[in-house]
Every structure is written in C-alpha cells, then in structure tokens.
Amino acid sequence: MQRIINEPGEVVGDMLKGFLKAHREIVAATGNPRVLKYSGAPVSGKVGVVTGGGSGHKPAFVGYIGRNMLDAVAVGEVFSSPSAKAFLDAFKAADSGKGIACLYGNYAGDNLNVKMAVELAEEQGIRVKTVVANDDVPSAPPAERSKRRGVAGEVLMWKVGGAKAALGGDLDAVIQAAQKAIDNTRSIGIGLTPCTIPAVGHPNFAIAPGKMEVGIGHHGEPGTRVEDLKPARDMAKMMVETVLPDLPFRSGDRVATLVSGLGATPVMELYILYDTVEAELAKAGLRVRRSYVGNYFTSLEMMGATLTVMKLDDELETLIDLDAQSMGLTQFGR
Amino acid sequence: MQRIINEPGEVVGDMLKGFLKAHREIVAATGNPRVLKYSGAPVSGKVGVVTGGGSGHKPAFVGYIGRNMLDAVAVGEVFSSPSAKAFLDAFKAADSGKGIACLYGNYAGDNLNVKMAVELAEEQGIRVKTVVANDDVPSAPPAERSKRRGVAGEVLMWKVGGAKAALGGDLDAVIQAAQKAIDNTRSIGIGLTPCTIPAVGHPNFAIAPGKMEVGIGHHGEPGTRVEDLKPARDMAKMMVETVLPDLPFRSGDRVATLVSGLGATPVMELYILYDTVEAELAKAGLRVRRSYVGNYFTSLEMMGATLTVMKLDDELETLIDLDAQSMGLTQFGR
Amino acid sequence: MESFASERGEPILGALVAAIQARSGELSDLDGALGDGDHGINMAKGFGMCLEQLSARSYGLSEAFSTLGGVLLDEIGGAMGPLYGTFFRGLARASKGRERIDAELFGSMLEQAIAGVAALGGAKAGDKTLLDTLEPALAAYRRALSEGKPFSEALGELAFAAERGRDSTREMAAKVGRASRLGERSRGSVDAGAASACVILCALAASMRTLLEEEAT
Amino acid sequence: MESFASERGEPILGALVAAIQARSGELSDLDGALGDGDHGINMAKGFGMCLEQLSARSYGLSEAFSTLGGVLLDEIGGAMGPLYGTFFRGLARASKGRERIDAELFGSMLEQAIAGVAALGGAKAGDKTLLDTLEPALAAYRRALSEGKPFSEALGELAFAAERGRDSTREMAAKVGRASRLGERSRGSVDAGAASACVILCALAASMRTLLEEEAT
C-alpha cells in the first residue's frame, strides 16, 4: 500500500487537522472533532444547509463547506456514515433558528444515522427537513427509484440548496429547491481499478485488466455488469444513453453536466470523455449551460469516472450560477 | 492499461477538444490546434503572460489560462515540450503590443523551443522576455541552481506574473515580479508509484512496494534517492528540512505553501501531509499566509506529492491574493 | 436454575471484543464482496474504543452493553453503528438493575435488542442482513427453553442456529443496504452483518457458558 | 568517384522512418530509464507525419530532409524536435540544389547538421547526448575518406563508429537534459538520444550504400 498516511486507523482525524489548517479562512472546527462548519456559521437569518457522509470522497463532503454552500458537515470514517451524534452536532453548528436542510445521500448507514439525529434534534427544538439524493441510475430500476444511491449529483444538490438558502429561501423553499434539483438529476459511474481503504490494507474488489465495472458505486460497490474496456467515445455514449431516457431529458432541455473522476484517473481523460459526452448531448438536442469537469466526488484512488446531468429550469439555473466559495467548488457568478 | 482514451497517440488532441467545450466562457481556440488562449486575449494594454509545456500535468498548463492568470499556452505531447512554432503562436495569441512574459519550466526541450520561438517572435516585432522556473531543490545542488527543474512552483510564478500584468505592470515589471516569485520559491517531490504514458503503454519506471523516490520529477524522472516508505509526518519533516535551508527561509518570514498531489494520491492524504508540514513551518517560525492543497501540478496517475514554499514580501502577497479565475485556480480576492 | 452474577461484565465484554477483533479482516472481506469493505474495521474500532473507555475499573454487564451501544451510536456511524448501537442498548436496558442473569432474562434481553434493530432498519428475515442471524438464533433459544433445556444448553442452540442463520444468507439476494443494488449478483456470498452478528452471539454464548460453569463449581 | 542521384529521396526517407518506427519502443524504454519515456513515441510520430506529408508524390533528398526537419520543429517539440529539426534542416540546406550526392558532399552535410545541433543545445561530447554518437561517427567517416576509402566503405565506418559512440554513453554521467539531475545514478544505461542518433546514421548509411550499389551496376 503506497500511502501518505500515519496510522491507517487515524486517517480521518489526521486529514481533518490538515484540512482545518489549510482552509482557516472558510472552515472552522466545532466541539465535535467529527463536525466541521463554515467559518461564518450559523449565518444569522439563514437556513442551515448540512450534509454528512463517509470519508475518502474528497472534495466531498467537507470540501463543499463554504460561502453560499454548506454550513456544516458530519464526517464519517472512510466509506462509513457519520454517527447520529455527528449529524446532530452538525445540525447544531449550522442552526441560526431558521431550521436545517439536511441534504444527504441514500445509503443504509446515512439513512439510519440521520433518522436518529433528526429525532434527537427535534427533541431539542431544532427543525430539520431532509432531501435524500438518489441520482445513480444503474443502482435500481426506475420503479424503485427510492432505492437508488446518491452519487456525484449530490454536489449539484448542495450547490442548489446552498444557493437557495443564501438567497434567503426559508426551510421549505430550500428543501423544495434541493428536492427539485435531485429529481432532475441522473448519474452513472464506471470503474476501471479498485481502491484500498487504508485500515483494510488491500483492495476490496478486483477489476480484471481490460475490463470495467459499469454502474459502480463510489465506494467500490460492484457495478451492475462487467464489460470489456472500450474507447472513451463508446464509454461516453453508453453513459449518455443510460442517463437521458431515465428522466427523460428531451430535446430543447437546458442542462448542467458534471464529469467527475473517481480519484486516480488523470484529469486529461475526463476531458477526453467529456468531448464525446457533450457531442452526444448536443445530438439529443440538449443545451449545456454549465459543465463541471474534474475530481468533484472521488473514491480514494479508484480509476474511473461518473457522468451527472441535471435538467435546469430558470430557478435551478440561477442557483447553479450563483457565486460560491469552497475548497471543492469556487466560482464567480455570471 | 486501464484508461479512458480513444487512440493512445491522440490523447492530447482529444483532451483539448473536451477542455474547450467545458470551459467556453474562459478559454478559446486559436489557429494553432496546440495553442489555447484566454477568451479575452489579447487583453488590450496588458502584457501577455504565456507559458507552455508537455501534457499530462492537469491542471497545468492549460488549466491556468484565465482572468488574471495566463493569456495563452503552448501545448506539447504528453511529457514533451511544445514545438517552437506552438510557443511562437502562443506569443502571437497573447500579444496586445505590450510584450510577452514567457514564464516556463527549466527543461531541455522547453529551453530549446522557447529559444527558437523568441528569435522568430523578435523577427516579427514581438517583444518577449522569459523567466525560467527552477524551484525543484533536489534536482541540483545550490551552486548549480540554474540546472534545477521547474515543478509546482510554476503555479505560484504564473499566479504572480498573471496578477502583476492584470494590475497594469509593464513587461519589465511582470518579468521582475515573476523572477522574484521563483527566486523565492523552493519545492521537493516524492513519488510512490509510477505512471504510464498512454502511447507507451507501460510504466516508464518502477518503484518497489514499500519504497519511495525522493526528489522525483513530475515526469517520473527518477529521484535523487530511494527510501523506505515512512509515516506521512516523517515525509513532511524530510520535505520541509530539504526546502527551508535552501533559500534559506528564516524565522518570521511570511510564506505561501502549495502541496500538490501527483495525480492518483487521494486528496485526503495531501491534507494528512499538510498537517505536519504546517506544524514544521510554524516550528521554524514561518507564518503561512496562504495554503494551496490539491492536485495543482500532476503527473498522469502517479502517486506522490510535492511541497512548494514561497517567501512573500508585500508585493508577492498582494499578487498571490488577487482574485483569479481559471479551471485550475479560482479564488476571490481578500 | 442456572444463572450468573450480572456484575461479571468484564469477561463477557472482553471475550466479545476479542472475538470481533480477531474476525475483523474476514468481516471486511465479506463486506468488500458485496459492499464497501469497511464492516470489520469499523466494528473492531468501536468495540476497541468501548473497552478502552471502561478500562481501569470494573463494570457490570448492563453497563458494558450500554457503553458499547453508546460508543457505536456516537462515534462509529456506518450502518452498523445505529443497528448494533440499538442492539446493545436493548440488551443493556433489559438487564439494567438486575443482579443475576438467568435464561428467561437473557431471552427478553435478546428480544428487546432484536426488536429495536428490526424497527430501526425496517428489514425482515430473508433480506440478507444481520436479522437473518439474530431472529433464527433467538427462535432456537426460545425453543430450547420451552423444551425444558437448561440455560447453558439453550446458549449452545443459540450459537448453533446463529451459524446456520449466517450461512443461510449465502444464497439470498439482498433486499436492503448497499448490496441490494447488486440484485442477483449479491448471491453467493454471506452477508457481512449476518456474519458479525454470528460472531457476537457465539462469543456471548461461549463466555456466558463459562460463567455458568464457574458459578456451578 | 561513387555518388548517387539526389532525387532518390524516397528510398532513403522510407528506410529512415521504418528504422525509427521499428525501434520506437526500445528508445522510449531507454528514455524511461533516465528521463520521461517519451523519446521513441515522439520520434516515431514525427517521422511518420513527415512520410504522410510527402506521400503521393516523389521528392528529392534535400526536400525529404527539409520536410522532416520542419515537421520536427513545428509539430513535435520535446528536446528532440528542435535538435533533430536543426539536424535535418542542416542536411537539407547543405544538399539543396545539388544533383548528386558524393562522399565529400555528404561529409559537409553531416558537418553542418551536427554543428547546428551543438550550437543549439550547447552540449559537447561526453555530456551523454546524441552528440556522443554524432561526433565520433563524423570523425570516423572523415578519417576513412582521408585514408582514401571509397564512399560506401566510409559509410560503413560511420555506422560502426555510431554504434560505438552510442555504447560509450552507457558509462557516462549525464551533464545536460533531464538525466543530468540523476548525477551518478544516470550511469549504466545508454542515452536515448545517442541511441536514436545511431538508428538514424545507420539507416542513412545502409540505404545510401544500397543506392550506390544500384547505380554502380
């Protein structure tokens, strides 16, 4: 295991210490070492936007803490949901009295821990509403959409929720916007090499050379099928063909796109993939209004990429376009 | 080779097509397919800031094209200097009549191609001055500093040069600021796994499991010595101990730091490294005014990291702090 | 009637933690086959933290379970943090203030613990989860008692049924949790949670039988 | 006196491109040992592009070299783009407008080409570069001519000395280029540029000797 770590069991704590040092201007510690918050949080008069999730996905989740983005994040072990207590403490760190929008991904652990945390929060008089991201198309058929995983589409959900709260939306408005965001978002991932959780010390699955996992999850959960590696242009077509009919997207739709690497794929290759993705979207009559390409939601040192497409209406486009400042996503407004 | 590519020989061209599509608002094509420019270039009344280099280092080099950053970039094959003609065409794309600051890295190919391009440019009435980055401490002893490679310190040199030009500095002022930037910058890299140039198809060197290359270059050039892998905190100490005495940095100095991954090292680990780096800098009495941590200058899918430290004076700090907008580095001003 | 003193938390917790730590790699590998490979390390971490918190003093069984449940809920997270947190807090609550643990009491401890897991997770037997270990094990335990078997023998039945329950998940297709997205591909490998539940029940049964024997002699 | 028609650009360029492409992997491996591993692929790409540009028409030797030099300079980059670009433009310039290539002319072509490389790169013999192939090869060629050997025999000496020159770089420590940062670690492996220069000189010598033989019969 070729790693830049100290004790394999302590990677999350060590990482958080370094993260806080590097981003003092925008991120602050809280009383719970597994909860970080925006240095300005709680922002008075603003709905608190919170998420949480396992570690190993940098910039997700703590990298999206910032101005017009997330107010607080609960941090789990590598690939493990944060505890209920961490979620609860994140709610507290973000709460200015206007309520908390907890926007998280659909995983057994997160569902359970958020559920317990929300109950505890309400006992303490903090109002929490949730949106559960389920943008990963291959993880369940359309009829069972509520079973689907949340993947890189979460980044766009956070962007939208964070912007809506920043523009003064109340709790219901923030929840509605974030729910609309994820309802209009579809993703798919392909995996080319596995990854190794430091404390485990060996890859938790294998991908034979020359093969790829289609529909893989960003924890290395096996995909829905194994295929021969093919040229990037064929990968892109297959990914677009999986994503578009599912919503469905229609000719004339405006969209935002996000192509994320899973960690170790050179960013050069993400652009090679995006070249065909955009060509295929154009063929389908979609108009790309904003495109993100890079390592936005990773899976340690896995090779592979995810494609996310979000259908925009005027509200979503305004919210996606708002300026934002965080380690993982900083943009000027249009 | 688990890759998201089409033809291995065409990765650079395919990547540039996708890059242009993804970043239309900030990057534009030129008549030479191997030259990209800032969409606003040439910016009238402003010195043109240009660089060039081989591909496979994303975000470097094209990712630093943008507002208050680079005006044009010459693009080479993977790990190969761009041609003299590409440098010349980049000068032309950036030239508003105020002259060109060509800020590049110290490699045989780049030196030769820039030299030829500068001669051709002057024949055509374009004034070009150059700064050659040589921040990589382990690549030559202090007495032969002019032989050292340019590595991730180039990013800070471009930031400074781009900001100076944006603030209205004339050619000599931009060159002076960029030269001061690099003269006050020192770097070191460690490599944990090799990388594979797509057209070659196999790794171009080996690192035995449990070993690391100290002083490696970001093209996979072997380092100055091979050591056993050690805990991140010991790597950080060794890196700081190599870099600080070389300038030398002194107690009380203000600095900017840059910890860059080489491509496949999870960003989590860069923060683990940074945690000790900052602690060691603090021990030495240095005050970190700005810290960049992430994949700023990579080497395809190599695992490893580089540390860059730049000593700031008032001018350099102002220039580093200026807002900037590019794919690889977007920041709001302070 | 067989029973043991509830103040003997240490040997039981010690054996439980040792069992989980010894099987940690195996549990992560099982999770890696269908999920994300973290099950064993997080279990081992949580159980180890609990032992550390309680070290340097003596404690009863209810306190041991309550501390373990609290650590899992507050510090560990994952799916197993709340599930096993609820499980051990159920065991703790049902035994709180009781001086001796007998067969009947342990039966209602298990019942409360397992009911909490089922209510929280919303899974049922056949979904390929830890419940496929816990529920048949409890049923076998109850059956043994109703057949008049003594406590220690019923614990043997509990452990035996737990192993069969764990193995029964091999051929199931997962209905909840990460593995559920694999559909048919999730068959052929034992569920990680079912395996850890088996480790837990077997360790509890073994250490309790030792205590029963000790007190009998 | 031996000579061949300068209009025979095709067989010479064809053999040259084929030789570089055949050795491309080997050259990249050599570069990988001390540098960044791209030497062979970039050479093969540039030489291939040149052949494509000239395909579907016939061309003389000077035009072939001039096109090759231009492609290397304009399209290929790297260290070898300008170095070999200068080299082939030197060969082209010195043979421009000449109807036949004889021993003397080829000698001055090489001289001009190598002088350009040395001036541009600032390296000298012993620095572990392509000059360690080029310079001794030229010297051997000159020596053969001064000893009165015929053109074809001198070409043989050229090739033989090129191989020895290439091999001589194995034990050198690099003074310029990427490998120079390796210091002592750069010993033990042949320089990639010295190896490609040897491929080029040997291919030129062989195809020219074939042409001389053809014209002699």
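Brief remarks follow.
For clarity, chains are labelled A, B, C and D in written order, and residue numbers in each chain start from 1.
One rule holds for everything that comes next: a residue touches a chain if its C-beta (ideal position, glycine included) is under 8 Å from a C-beta of that chain, and two chains touch if they have at least 3 such contacts.
Treat the numbers as computed from the prediction; the structure is a model and nothing was measured.
Farthest chain from subunit B (centres taken as the mean of C-alpha atoms): C. Just count the C-beta contacts per chain pair and the biggest one is A-B. Inter-chain spacing, taken between the CA centroids of subunit C and subunit D, is 75 Å.
Subunit A and subunit D have CA centres that are 54 Å apart. Annotation: 33 Å between the Cα-based centres of subunit B and subunit D. Distance from the subunit A centre to the subunit B centre is 29 Å, each centre being the mean of its Cα atoms. Chain contact topology: the protein chains form an open path, each linked only to its neighbours in the line. This structure has the following touching chain pairs: A-B, A-C, B-D.
Looking at the complex, you find that subunit C touches subunit A at residues 25, 28-29, 31-38, 40-42, 45, 73-83, 120-121, 176-183, 185. The touching residues of subunit A, when paired with subunit B in their complex, are 1-7, 11, 14-19, 21-23, 55-56, 58-59, 192-193, 207, 209, 212, 229, 231-233, 235, 259, 263-276, 278, 291-295, 298, 300-301, 303-305, 325, 327, 330-332. Taken together, the subunit A residues at the contact with subunit C in this complex read 9, 54, 76-86, 107-109, 112-113, 115-116, 138-140, 147-149, 197, 199-200, 204-205, 217, 219-222, 224.
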